[in-house]
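Think of it as A, B and C in the order they're written, each chain with its own count starting at 1.
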Amino acid sequence: MAISRRHILGLAGALSIGAMVAGLPGTAAAWEPTKPIDFIIMAGKGGGADKMARLMQAIVESEKMASKPLVPVNKSGGSGAEALIAAKGANDPDHTIMVTLNSFFTTPLRQPKLGIDIMTFAPVGRMAEDTFLLWVHKDSGIKTFEEFLAKAKADGNKWVMGGTGKAQEDELLTEYLNNNFGLTIKYVPYKGGGTVAKQLAGKHINSSVNNPSEALGFYESGDVVPILSFTAERLPLFPDVPTLKEKGKDFSYGMQRAVVGAPGMSADALKYYQDLFHKVYTSAKWQKYRKDKSLFGDELTGDPLKAYWDEQRERHRKMLTEMGAIK
Amino acid sequence: MRRAEIITAGLMALLSIYLMYKSTELDIGYIKGEGPGGGFWPFWLAAGMLLSCVWIAINWVLKKSPPSQSDEKYLDSYGLRMLLLVGGGVTAFIAMCHILGFYGAILVFLIYYIRFLGRHSWPATLAISITTPVVTFLFFDIAMRIVLPKGYLEPLFLPLYDFFF
Amino acid sequence: MEILGLLMDGVFIALDPLNILLMLIGVALGLFIGAMPGLGSVNGVAILLPATFLVPPASAMIFLAAIYYGAMYGGAISSITLGIPGASTAVATTFDGRPLALKGRADLALVTAAVASFVGGSVANVLFTAFAPPLASVALDFGDPEIFALMLLAFATFVGLGGDDIPKTLFSIFFGLVMASVGLDIMTGEPRLIFGDITGFMHGINFLVLAIGIYGIGEMLWTIDSTRGNLTMTEAVLSIKRILAACRESIKGWKGTAIGSFLGFFVGILPAAGATPGSLMAYGVTKMVSKNPKEFGKGHVGGVAAPEAANNSASTGAMLPMLTLGIPGSPTTAILLGGMVIWGLQPGPLLFQTQTEFVWGLIGSFYISNLFALIVNLAFIPLFIWMLRMPFTVLAPMIFVLSVVGGYAATQDMHDVWLMLIFGVGAYLLRKLDYPVAPAVLAIVLGPIAEPKLRQSLLFSSGDPMIFLERPISGPITVIAIILILLPLFKLIRDKLKGKKAAAG
């Protein structure tokens, strides 16, 4: 009871102080949030994007970087369509930011009805680029990419690749392998990367293209083996795993982990969030996480980030068209 | 009751047909080599709803289910009044959340219900109606960080945020 | 014996004063969060995750696990006192808990729930301690066909749940299953059943929206109508003596507790299944083996004990694949997993070897948190009973407010609040005509698991449904499920035949 009475007194105090402050002439200080910030996550609870968003929120909170809390809201509906629409229609764009992944590019392309132009979003910062590896189970006996190709070719469409979602990153990569190496791998979509990792460890599927953070546990126990990396250079964490480039294909693919502001965000607010996430990026915790999970992609912000979006959008348009997912 | 039973079954059958129609936006068939298409599950289950409605109608004709034998009124005058006062009150409450925000709407709804439907005294009414939004605010907005919409009352809350965060 | 030694070390770690304090706070917080309709352990854990940076990882995990435990106990409280399941795991608790409360025996129901939860949690802890690594490999063997077979079994145990009106029960199940498919079709990546192109439907229909609508708004309207607005919820008088008497009486539910404890654990360790199917199946099985199945749904102690024992047991079970495989068995464990990653721990098969102190400290804390949760829960029962003694014209609007706020909090979308109102009024109107509503809630919980598993399995087998019967684990489960589904039909035919014979003879 004592607590609630104290809180009520506090409330009364706050109201009177607030009234006084409101009466004072405004100062020309930098823009500051005046209320809790909506922190939309373009994916469901517990997934890779969600983990990263909550880590950012935790860093902001534990190092007291912002005067108002970030309030995470998961909007995973329609492969991110729901989140894009919520951000576009935000009634206070200065207090609405969003964590995005590659569905930021693919979903507006696949669902043009939504009327989303990603270039209208405010470029706060790209915090990392997640990497993709090709994994198989150790009992398959496969050690190299060449052995994988031979085995997968022999099995035809009995060879099953598990992945997250439909017409998204994992399927794009599978499709790439099918088209460029003459394979007919069957793709089975699952809800999240963790489930895919488990399916592989339980030998229910033959291969996966998990992010390292999703498969690391089973890798360390020796159940699953990485045989190929879809990055431009070898990953420090997996120095023995060759890249696709070394196999003669000029192709690399990453997953953007970027924070964007709602369309219509004011320049002052954008500056504030750019500074805020720059602080997050340079924090020791974030840097350690990047290293542990073998993330690529340096910080990008402002116009370079927009240029990156433009490039990625065109690239995904091409990939999706080749796949037949869009016309 | 007897008439309500068949009307409801009819309405539910219409709902089932609509759901079936809506499901056909995706493939409702069994794709060879892949299994059921995207609309398979909702379409055939909605078809199941429709069949259930037909079965209910047969029971109605045969007078097998209790409501199809009852002469009681489906909604008597008390039921109708209650539905309008209480159900209407809740509907207005939710509508007000858009304008006054949750906290303002809770205050108004509680005063309406406790004072005008419950006929409790004004002091009791006000005590409960004011305490509830305050406690809810402390629990949701402050402790749980679930920010409830404030509608047009938003500016009133800005100093509170400054105080608590 | 080695395990006992490790466990003792773990208990010592858990008994560190800081950890004890965190456990007490966690359990109490969890209890209230769980008791609030619309909020469950997943909200509590997600919201408090950032706060855990202030303490070492082991303590942080112990704190979050305590919230998880507390919330599991708490879910039963709103199921019993308000009739609204606080979380999907507590749906089955309403079936008998609510009738008991209406009979004025809310105290008995609450005590039974607490005791059963404790037993369930304890059994699960022992199983967890003794068999964690071998069970982890069992969990890995469960692929898509196995999970689908399990869902089929969950439905089968529930065939008898509806009323006597078969077409209306079927209607309710089908309706729930169709509603479960709204949103995104994960197999094709296409939006599905987006009524009127309203974006709110894109995230699907959350179980809580339907459950709060039916049990919060619908139930209230129905109660006001059927009692003409004059109702005192319970006459329960508070005294230590009564609570002790209730403790003794709750032993009558031992069968349910036992079934729930074991069944819950085994369903809980399977990824994707989790505590909700576990508690529903425990209820169904307890009813099936009971000598008086007719008493279920009217306030049978066993009907409260079984789901509560099961959901606690299952939540401990769900920790197992998370710790040993790095695979979350429920949304809450998914967040816990995220937390572990943030603290720099790598969950997975090696965790037991590389982080011995962390793992055993956590397991030790399960035992202690469980005990604390029981004590805190029993201590708060008088408060919950007192709430029920408020005049109905005060309690009813409070429940409406809780429903609306809870409906919003679940998904933070006004769209869902309106949907909840529609479901509520609809449920009230249908219920007047004897449509059972519980099967719809069950269906919307199980549907989203069952459908993708069915289709993933068929994609594997290139469309051949024999996959469910051929595999060593899914085969027997499927057969049992089909027999259970057909059983009532056989009974019906047998009764008919008997009836004919009797008429002829």
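Just so it is clear, a residue touches a chain if its C-beta (ideal position, glycine included) is under 8 Å from a C-beta of that chain, and two chains touch if they have at least 3 such contacts.
All of these numbers come straight from a predicted model, not from anything done at the bench.
J.: Graph shape for the chains shown, where an edge means the two chains touch. Line, ring, star, complete, or other?
T.: It is complete, because no pair of chains fails to touch.
J.: Work out per-chain C-alpha centres and flag the one nearest the whole-protein C-alpha centre.
T.: C
J.: Which pair wins on C-beta contacts, A-C or B-C?
T.: Contact tally favours B-C.
J.: So, what's the distance in Å between the C-alpha centres of chain B and chain A?
T.: 35
J.: For chain A versus chain C, what separation do you get between their C-alpha means, in angstrom?
T.: 31
J.: Roughly how far is chain B from chain C, going centre to centre by Cα mean, in whole Å?
T.: From the centre of chain B to the centre of chain C is 22 Å.
J.: Name the residues of chain B that each touch 2 or more other chains.
T.: 145-146
J.: Find every residue in chain C that makes contact with two or more other chains and list them.
T.: Chain C, residues with two or more chain partners: 187-188, 190, 412, 459, 462.
J.: Where on chain A does chain B make contact in their complex?
T.: That would be residues 4, 7-8, 10-11, 13-15, 17-19, 21-22, 34-36, 38, 67-69, 71 of chain A.
J.: Across the complex, what residues on chain B touch chain A?
T.: 134-135, 138, 141, 145-147, 154, 157-165
J.: Can you check the complex and tell me which residues of chain B touch chain C?
T.: 1, 4-5, 8, 12, 19, 22-23, 25-27, 30-39, 41-42, 45-46, 48-49, 52-53, 55-56, 59, 65-67, 74-75, 78-79, 82-83, 86-87, 89-91, 93-94, 97-98, 102, 106, 109-110, 113-114, 117-120, 128, 132, 136, 139-140, 144-146, 148-149
J.: Residues of chain C touching chain A in their complex?
T.: 42, 46, 49-51, 53-54, 140-144, 183-184, 186-191, 199, 201-204, 271-272, 321, 325-328, 331, 334-335, 337-338, 341-342, 344, 346-351, 412, 452, 456, 459-460, 462
J.: Taking the touch rule as given, give the residues of chain C at its contact with chain B in the complex, in rising order.
T.: Answer in residue numbers: 33, 36, 39, 43, 47, 165-168, 170-171, 174-175, 177-178, 181, 185, 187-188, 190, 192-193, 195, 217, 220-221, 224-225, 228-229, 391, 393-394, 396-398, 400-401, 404-405, 408-409, 412, 414, 417-418, 421, 424-425, 429-430, 432-434, 451, 454-455, 457-459, 461-463.
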